[in-house]
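What follows is chain A paired twice: with chain B in the first complex and chain C in the second.
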Partner chain A sequence: MVDTTVGGAQPTKINLVKVLGPVHVWALGVGIVLVGEFMGWNFSVEKGGALGSLIACWIIGLLYTCVAMLDSEVTSTVAAAGGQYTQAKHTTGPLMAFNVGLYLVLAYTMLEAADIFVFGDLVRIAAENLGAEQGTVDTRPFVLLAVSVLAFLNYRGVFMTLTVNFLITAVAFISIIVLVIAYQFGIGTSETLQHGGLGMGELPYGWMGVLAAFQFAIWYYLGIEGTCQAAEEVRSCGRSLPLGTMTGMITLLIAAALTWYVCSGTLPWEYLGTALAPLYDASLMSGSTFLIVLLWVGTVFSALASANGCINDAARAWFSMGRDRYLPEYFAAVHPVYRTPFRAIIFLIPIAAAFGFLGLLAPVVTFSILSGLLGYTFMPINMFRFRAKWPLGSIKRGYVHPFHPLPAITLLVLCIATYVAVYLGFGTQLLAMMVFYVVASIWFVVFRYKYVRRGDQFTMAWPRPKGY
Partner chain B sequence: MLDFLQFRGPWDWLQAAAWLVSIALLGWMVLDAIRTGRKFNEDVLASSQEGVDELLQHHDRVR
Partner chain C sequence: MAQVYQPPKQSRLGQLIDAAVILILVFLALFIPLEMELAGAEKGDWLPGNYAVEQTADGGVVLKNDSGLIKTIAADGTVTFENLTWEALQQNEVMQAQWSKLGYDLQAAAEAITKRYDYSFDWLWLILTLAAIGGYFLFLVRQSDKEYREVIAEKFGNRS
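For the complex of A and B:
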């Protein structure tokens, strides 16, 4: 924090404030992702059967472990908001940085829209279960309430925002563990897990089904890379970021395995593959009111935690692009009292709310997943360039990922396989999105690049890159 | 057209409360942003720089 006040007058410099620790980084990463355990992942069961979904869960888990390792190394040196956008700016160039920034903003804003839509729908379901007449509960006020309360939290300060995220994410994670324990040890329910009886040991569509399941197995982990956006606001970025990201990834691997285990042991795979909220449905099978309420609360909290983290991350990416004038500098403003990128936060609210109102869950989430996937494809390239420009020993890293270049190559191969899987299910959307990013790139080159702070955008305390 | 003004039960009241709280929070944020923009110089508001981590402080700066 480098602000200066002269004689009680206005400060001369306002920065984001460094108040976060590893716990907040964990809350940001896991908070964004955990909603994917409560819904979405199970569509992979429809594609590949329960066993196929589990195999996809492990393989995509490997993809995200590579993402976490690569991201942790680069971000441990880049104490700047913007995450992968800022990395791209340093390692690759302005056009790549613009595209990566756009991937980030759209991935998080679309995910946020899906989260608040889900929240509104969960309130409607609860209302109808509590006696409200079918079809009379309007979800829109609750969608708007979710986004406005969370945006207000984000506006007022990052510490409280991510502390709240930690609490609600922890409750959601614990609810999964409690459900598994209840079924495993017969506590509060007489129902038992029946993996064999429900036909879990087969691949109904063979290995092609497993490949097709990749696109939905992404839901188990989508967003863990969002921890990088906190880099400018954590104390000791070099230590906290890798610690928070890696513990977050371990948490998600555990949560994914437990979720698959309990859901595939309670629900027939033909139903599980189409369920809207599989963990909640698994709790319904127990017949325990306590478990049903707990899992409803867990589902609501996971949706809110995800939206909260997405508002935080999308705003940081938008703010960083404004700061370097990839976007109008107006968005680079930091609030002098709350130390948040307040204009970026406000600007993105109506976009998320509009998509939340529309309720087009599948296209919105697909857009988010595809944007995320494009970002992951950039990461191996980013790592190769980073290691070439700043070899080990030339710059102090908080974390050095092992076995380079194996994780980068693995990530690239798995990204290509996932593109094939996405093309099988959402070929048109994939091509449409590529066209969108090409058009955006042309706009950037022709109309926007002239405003970019070419030299001034590099203010990190880094040595000169090798060969420059 | 004005159906939303006809309250049929507690859930209608909750919906109305959700609209009101949302509008109040959004309105407050917009007003505060305008007030802040008027009170502080734009150069000051946009003066932040990428952070520096203590791990790197012994290195020479690029620029």
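For the complex of A and C:
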């Protein structure tokens, strides 16, 4: 609940509106992530070969299954915008919550920047395929138009935003299935999948390459945990969030397997590992105009759906931090009519666009991956503290994940392995970016925490935590 | 009951400055690795099979493998091949056909194929990096716990 003073009217208490169902949760999670199947995952092929990428895909899939299990339990109990940020406030404390909020905002804002960048490239590719001279297409007007439309959607209301996301994500997902069916059954193309002929059973870098491939195998799933940003806007949190998140995870596992299968059966791994849009390239190899157009549309839709979901999630995390005064409370306003965190939305979009236009794609991707990974590392800590402070039976949980503490320990071990992989890929850049979070933490403790109302940080109707 | 902490009211200018601080930190975090030219694993020149590497007098590099394939990288970065065939690149007929469909001729495909990552790394830096991440989380948990006790005390009152 927040004060809003839009239009100089008397401050009134306005909440975000509860209008979303499981389908919207699915659309938010899968919408953000599916672009990773259309671009990005294939850099794991460059790191470890096609088979190495597949093994990494399975192992990182296990990491994300643990993420989804842990997240579903806590989120189905903590029904508030901000997702893991709000969880951190209740289980660990303000400084951790501030950091988790930053992970979320930066992971999504950077991912949005990468989506925008890719969307521009897809427009250029289409224009050049339609006869435009190479290097003459200025994609910026198209990118600005797309970002403006997405910003308006998000400003206008969460129901419409995620309904649109559902539609375009569904089209993108179906396009992958159609491509696989076309190749598998020879419909519309005489080309066949040739995994054996393309040497897909080999590990060119051995198991070291498999480990290195973890770095980009994350792109198969990065962002699925964003479903819990919708916690305050779903009609039935205990039902919709676990249902939407777990079906989303299943969708992504299927999409990842199909994507690998069709791409590795059509493209030499040395090419696949560096391709901008591998599924689109796989469609080009079919020679079918229908498939080429469909996969171009699917790739564009996936990039837009991801940017749309990222705007939604980054704004909610930023809004939540403003509401708690971890950031300026100016950003905590809810639109009196559309019931959206409109100031947070409007503030973050130009920043993402700037990252996209500045051509900082490599550091942007590094930052997004690192921020996501730091957030996953927090989850086992979160789960251990949650179960210790409120053991099963002490509070009502919407969902209880099985086999505790095995998923939390597995997640922690896989996070450490992924840090090693990110170190192999990014080297000391990783350390330089960690400095950002250390400096931001010190800034919070020294300059920002004094504005935080202590008791207001605990908003759940739970009993006193055990041991405190 | 614990005393309720009343935070100071922050001015609009103060709020603006705080938002700017975060943004500046983010931009610095993005630009500093670029400015310092910090790099991770990079691809190096490679040939199929067993190969030897030689430095030339003019600062170039020559790679020769046991099947006679020679890759020369001149000081200005120009790459040339001798005895280049699909067989020398260990590309079978299926692979050749797919490269051709992608619009790659033998030379272009060779440039893509004869680059590989070198995953050798410095253990000390890896351990330092992991220790830094572990130390960061330890600091977060400990400092957060102090703040959390204030939150709980104000919300639920001091323990009697």
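To be clear about the criterion, the second predicted complex is superposed on the first by the 455 of 468 C-alpha atoms of A that agree within 3 Å, B and C clash if a C-alpha of one lies under 4 Å from a C-alpha of the other, contacts with A are read in each partner's own complex, and residues count from 1 in each chain.
As a convention for this text, contacts are C-beta pairs under 8 Å (C-beta built on N, C-alpha and C of every residue); 3 or more make two chains touch, one makes a residue touch a chain.
Quantities reported herein were computed from a predicted structural model and do not represent experimental measurements.
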Requested in this report: Pick one for A:Pro391: touches chain B only (first), chain C only (second), both, or neither.
Outcome: neither
Query raised in the report: Taking the superposition as given, does A:Thr274 touch the first partner, chain B, the second, chain C, both, or neither?
Result: second
Requested in this report: Scan A:Thr266 for contacts with chain B and chain C and give back first, second, both or neither.
Outcome: second
Query raised in the report: Which holds for A:Met96: it touches chain B only (first), chain C only (second), both, or neither?
Result: second
Query raised in the report: Looking at the overlay, what does A:Gly201 touch: chain B (first), chain C (second), both, or neither?
Result: neither
Query raised in the report: Is A:Gly186 touching the first partner chain B, the second partner chain C, both, or neither of them?
Result: neither
Query raised in the report: Touch check for A:Pro405: first (chain B), second (chain C), both, or neither?
Result: neither
Report task. Determine, for the superposed model, which of the two partners chain B and chain C contacts more residues of chain A. Result -> C
Query raised in the report: Between chain B (first) and chain C (second), which does A:Pro141 come into contact with in this model arrangement: first, second, both, or neither?
Result: first
Report summary line: Interface residues of chain A shared by chain B and chain C, listed 329-330, 455, 458, 464
Requested in this report: Could you pull out which chain A residues touch chain C in their complex?
Outcome: 46-47, 88, 92-97, 99, 102, 106, 194, 197-199, 204-205, 208-209, 212, 266-268, 270-271, 274, 281, 285, 325, 327-331, 347, 351, 355, 360, 363-364, 366-367, 374, 377-378, 381, 416, 419-420, 423-441, 443, 445, 447-455, 457-458, 464-465, 468
**Report entry** chain B-facing residues of chain A, complex
**Finding:** 2, 10-16, 18, 76-81, 86, 127, 132-133, 136-138, 141-142, 144-145, 147-149, 151-152, 155, 231-232, 236-239, 322-323, 329-330, 332-337, 342-343, 345-346, 349, 395-398, 455, 458-464
Query raised in the report: For chain C, which residues are in contact with chain A within the complex?
Result: 4-5, 7-8, 10, 12, 14-16, 18-19, 21-23, 25-26, 28-34, 36, 38-41, 91-95, 98-99, 101-102, 104, 109, 112-113, 116-117, 119, 121, 125-126, 128-130, 132-133, 136-137, 139-141, 143-156
Report summary line: Within the complex, chain A is touched by chain B residues 4, 8-9, 11, 15-16, 18-19, 21-23, 25-26, 28-30, 32-33, 36-37, 40-42, 44-63
